[in-house]
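There are two complexes below, and they share chain A, which is joined by chain B in the first and by chain C in the second.
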Partner chain A sequence: MARMKFLCDAERCIECNGCVTACKQENEVPWGVNRRRVVTINDGIVGAEKSISVACMHCSDAPCMAVCPVDCFYKTEDGVVLHDKDLCIGCGYCFYACPFGAPQFPQAGAFGLRGKMDKCTFCAGGPEPDRSEAEFKKYGRNRLSEGKLPACAEMCSTKALLGGDGDVIADIYRDRVVRRGKGSEVWGWGTAYGPGKPGAQPPAQQPARGRS
Partner chain B sequence: MRVFLLALAMQFAGAAWAQSEAQQQQQRQAEQPGNNAPVWRDVKAGEKNFTTIKGRETEVLVQPPARFPGQNVTATAGEAWRKFRNGPVTFYGGLLVTVIAVVILGFYFWKGPVKLHDRPSGRLIRRFSTLEQVVHWSAAISFCVLGISGLIMLFGKYLLLPVIGYTLFAWLTALGKNLHNFIAPLFIVSVIAMIFMWLRDNLPKSYDWMWFGKAWAFFARGEHIPSGRFNAGEKAWFWGGVILLSVIVSWSGIILLFPNFDQTRAVMQDAWIWHASAALLYIAISFGHIYMGTIGVEGAYGNMRTGYTDETWAKEHHDLWYKEVKSASRAPAAGAVPAGAPHMKEKT
Partner chain C sequence: MIRVLLLVALFGLAACAEREQVADFKKGKYQGKPDTQAWDNAPLAYGSGKWTKGDRASWENQIKTRQLGQNEDVRINQ
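Now for the complex of A and B:
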C-alpha cells in the first residue's frame, strides 16, 4: 500500500509558484485561500537563497486531526489526511495546531468569522463519491481516483516538488543527492512523518557520498 | 522615548541577525557547497521569510519550537499546543469539573440542604431590585450557555460523539460554537454591570474572616454566621470568579473571537490555554454557587427569582443586612417600602 507524501527539493525549487497556480486552477480554490505556498529564505541574496513549496504534508500523527472538536478528519488508506466540510464548525483549532500553516479559512462572516476549513487534499477530494459534483465543489479535483498524482507536483517545472508514494519519491531524492553530492536534507519530513519510525526517516540521513 | 529607542535598537539587532544568517549561508555555500545548515536553522526557528502569498504568517514555513508548562521536550508550537490541550487541560480540567460535581452531589445526598430553623414569617423584604435580577440572570443564563457549549467543544468528542453520532454531534457543536460566539458579548456586558452594581456590598469586612472558619458548621449544621448583604463565600465568588476569572476568560475570549486582528497563532494558542483553564475552573466553582442558590439552601433560589425574601430567611442568613434594613439605616434593595411607591429605584 502506498503512503502518499510530499517532498520539496530546496536545491531545485526556483520559486516560480507554478505549484500554487496549478493547485488553485485544478481545484478551483476560492478567493483568499491558498492551499499551497512557496516560502523563500534569504530572498534576493546570491548564494544563500533557498525556496520551499509547502502545503499540507499529510502527517502520520496529524495534530489537526487530534485537536478537531468534531473529529472531522480522516486518513485514507494511502495515508492522505482529508476532512469532512459538512462536519467542520470553523473553530480554527487545526490552524493553531498545524506546524505548516496548512489549514485555511475563508473569512465568511463579520468580525473575521471563520468559514469551513479548506486545505490541500493531495488531490484526493473528500468523503463524497469519487469525482462527484459535490466533491468537486467542496474539495476540488479527485486526481488520485483517476490514477493521477497531485497537480502541483505534476506541474513542477524543475521537478523540485515530488508527490507520491513515500518510498518512491525518497528513492528519487536519494538518487539525486548521491549524484549531485549535496542538499541531503528532506525538509519537513521529521515534523510530518516523525523520526524513528521504519520508513519514515529522512532518506538521505547518511552522509552523501562524493561530497567535496 | 526610551521605548522607541529600544524598538529601534531591536530593529537593528534583528536586521543584523538576518544579515548574519544570510551571510553565514553565503559563506557556507562557498566553503562547503550544498551545506544548507544556516538556512535550516533559520527555518526551524520559525523566522518570517518571504512569500508572494499574502496572509497571516504565510511567511513562516513551520511554527517555531515551543514548550508548554510541564512539557520536557520542545516541539513545533502547534504540536506542543496539541499535546497540552489534549493532555493536561482535557484530563485535569475534566477531572476537576467531575470531582467538584460529585463532591457537591454527594454532600447533598449526605447532609441535605440547609433549612430554615424558624418558620417563615410571611413578611417579605425586597432583597434584589429588578435591575439586579435582570443583570444576574443575563450573566447566569449566558454563563450556562457558554459553559455547556464550551464543555461540548472540549469533551463532546469523547463523551457525546460516540453516543449521538457524527452528523448530529457536528450540528450540535456548530450550534454551540455560534451560540458561544454571539452570547459571549452579553456575558461580558452583564459581568461589567454586575461588578459596578455589587462592588460596594462585596467589600470585605472584618467579620467575613469568621465565615471561612465556620463555613463547615454552616453547611453541615446550618449554624448562623454573621454576614452582611453578601456573605464571605459570595464575596469570594465575586472577587475570584465574577471579577478575576471573568476578566481572564473575557480577555482571552476576545482574542479568540476576533481572528481579524491579525494575531499570530502563538497568541491564539496562549489565549486558548488561558481561556480553557480559567473557564474550567470557573465552571467548577460555579457548581458551588449554583448549588447554594438552588437546592443547597432552602429559600435561596426564590430570592433571586422573585427579588423578595422572607424576614426569617434574611435574619438567619444575612443578619447584619437584615438589621440594617430593619433599622432603616439603609433602604432595602428597591427602596419599595411604602405600598405603591415607585417599584424600581436604585439603592442609595
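Now for the complex of A and C:
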C-alpha cells in the first residue's frame, strides 16, 4: 500500500520557488494563501545556506486530525490527509497543532475574518466528485485521479522535491546520497537540532561512489 | 492524641496525592462527506498514463512509473 509523502533534498534545492508557483497555478490558490513555501536557513552565508520546500507533510499520525473539534479531517487509503471544507469552522486549532504551519486561512473582509482552512491536498482534491468543478473550486486539482503526482514535485527543476510513495522516494534519495557521498547529514535530526553534545560531530559521511 | 495526629496527617496529606489531570483522549471519527478513490476514475484521453478503472493495482503501477520518473539518474541512463 502506498503512503504518500514529500521529501525535499536540501543539497539540491536552489530556492527558485518553482514548486510554490506550480502549486499556486495548478490549484488556483487565492491571494494570501500559500499551500507551499520555501524556507531558507543561514540566508546569505556562503556555503551554509540551505533551502527546503515545506507544505503539509501528510503525517502518519496527524496532529491536525487529533485537535479538530468538528472532525473534518480524514486520511485516504494512500495516506493523504484531507479535510472537508463544508464542515470546517475555521477555528484555527489545526494551525496551532501543525509543526509545519501547513494550514492556511484566507482573510476576508476588513476585520480579518478568517475563512475555512486551506492546505496542500497532495493534489488529491477533496470529498467532492473527482475532477468536478466543485472539487476544483474548493480543493484544487485532483492530479492523483489523473494518474499524476503533485504539480510541485513534478515541476521541480532540480528534482529536489520528490513526491510519492514514501518507500519509492526514499530509495531515490538514498541512491543520490550514496552516489554523491554526502547528504545524509543535512536532512534530519542533526540539521534541525544540532549535533547534540558540545564538540560532537555530525554523523560520518559515506564514501563517495560514482559520479555526483 | 496520636489518633488525632494520624487523622490530621491522613486528611492533610490527602491533598498531596497525585491525580491524573489529563482528560482521556478520545479519537474522533470523520464527520464529513465520503470521498471516492483515485483509481475509481478512468484515465484521461491524453497525458495521464494507463490503468484500468477501479483496479487499484494498475493505478498504483501507473503512479509508481511516474514516481520513478523523478529519478533522473535512471531516466538519463535508460
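Assume the second predicted complex is superposed on the first by the 182 of 212 C-alpha atoms of A that agree within 3 Å, B and C clash if a C-alpha of one lies under 4 Å from a C-alpha of the other, contacts with A are read in each partner's own complex, and residues count from 1 in each chain.
The working rule: a residue touches a chain if its C-beta (ideal position, glycine included) is under 8 Å from a C-beta of that chain, and two chains touch if they have at least 3 such contacts.
The structure presented is a predicted model; accordingly, all values stated were derived computationally and were not measured.
*Asks:* Just checking: does A:Ala66 make contact with chain B only, chain C only, both, or neither of them? Give me first, second, both or neither.
*Replies:* It touches chain B and chain C both.
*Asks:* Look at A:Thr76 in the shared chain and tell me whether it touches chain B only, chain C only, both, or neither; answer first, second, both or neither.
*Replies:* Touch partner of A:Thr76: chain C, not chain B.
*Asks:* For A:Leu87, is the partner it touches chain B (first), chain C (second), both, or none of the two (neither)?
*Replies:* Touch partners of A:Leu87: chain B and chain C.
*Asks:* Determine, under the contact definition given at the top, whether A:Gly126 touches first (chain B), second (chain C), both, or neither.
*Replies:* second
*Asks:* When the two structures are overlaid on chain A, which partner does A:Lys50 contact: first (chain B), second (chain C), both, or neither?
*Replies:* After superposing on A, A:Lys50 lies in contact with chain B but is clear of chain C.
*Asks:* Once the structures are superposed on A, label A:Gly101 by its partner contacts, choosing first (chain B), second (chain C), both or neither.
*Replies:* first
*Asks:* Going by the contact rule set out at the top, does A:His58 touch chain B (first), chain C (second), both, or neither?
*Replies:* Touch status of A:His58: no partner.
*Asks:* Which holds for A:Arg141: it touches chain B only (first), chain C only (second), both, or neither?
*Replies:* A:Arg141: touches no partner chain.
*Asks:* In the superposed arrangement, does A:Leu162 touch chain B (first), chain C (second), both or neither?
*Replies:* A:Leu162: touches chain C, not chain B.
*Asks:* Give the label of whichever partner, chain B or chain C, reaches more residues of chain A.
*Replies:* B
*Asks:* Could you give the residue numbers on chain A that contact chain B in one complex and chain C in the other?
*Replies:* The answer is residues 66, 68, 70-72, 84, 86-87 of chain A.
*Asks:* Show which residues of chain C lie in contact with chain A when the two form their complex.
*Replies:* 25, 27-38, 40-41, 43-44, 48-51, 59-60, 62-64, 66-68, 70-73
*Asks:* Of all residues in chain B, which touch chain A in the complex?
*Replies:* Within the complex, chain B contacts chain A at residues 21-23, 25-26, 29-30, 32-36, 38-40, 42-43, 49-53, 55, 57-63, 76-79, 81-82, 85-86, 152-154, 156-157, 161, 166-167, 169-170, 173-174, 177, 181, 256-261, 265, 268-269, 272.
*Asks:* Taking the touch rule as given, give the residues of chain A at its contact with chain B in the complex, in rising order.
*Replies:* 10-11, 17, 20, 34, 37-43, 45-48, 50, 52, 54, 63, 66-72, 84, 86-93, 95-101, 105, 107, 111-114, 180-185, 187-188, 191, 211-212
*Asks:* Can you name the residues of chain A that touch chain C in the complex?
*Replies:* 2, 65-66, 68, 70-74, 76-78, 82-84, 86-87, 124-131, 142, 144-149, 153-154, 159, 162-165, 168-169, 172, 175-176, 179
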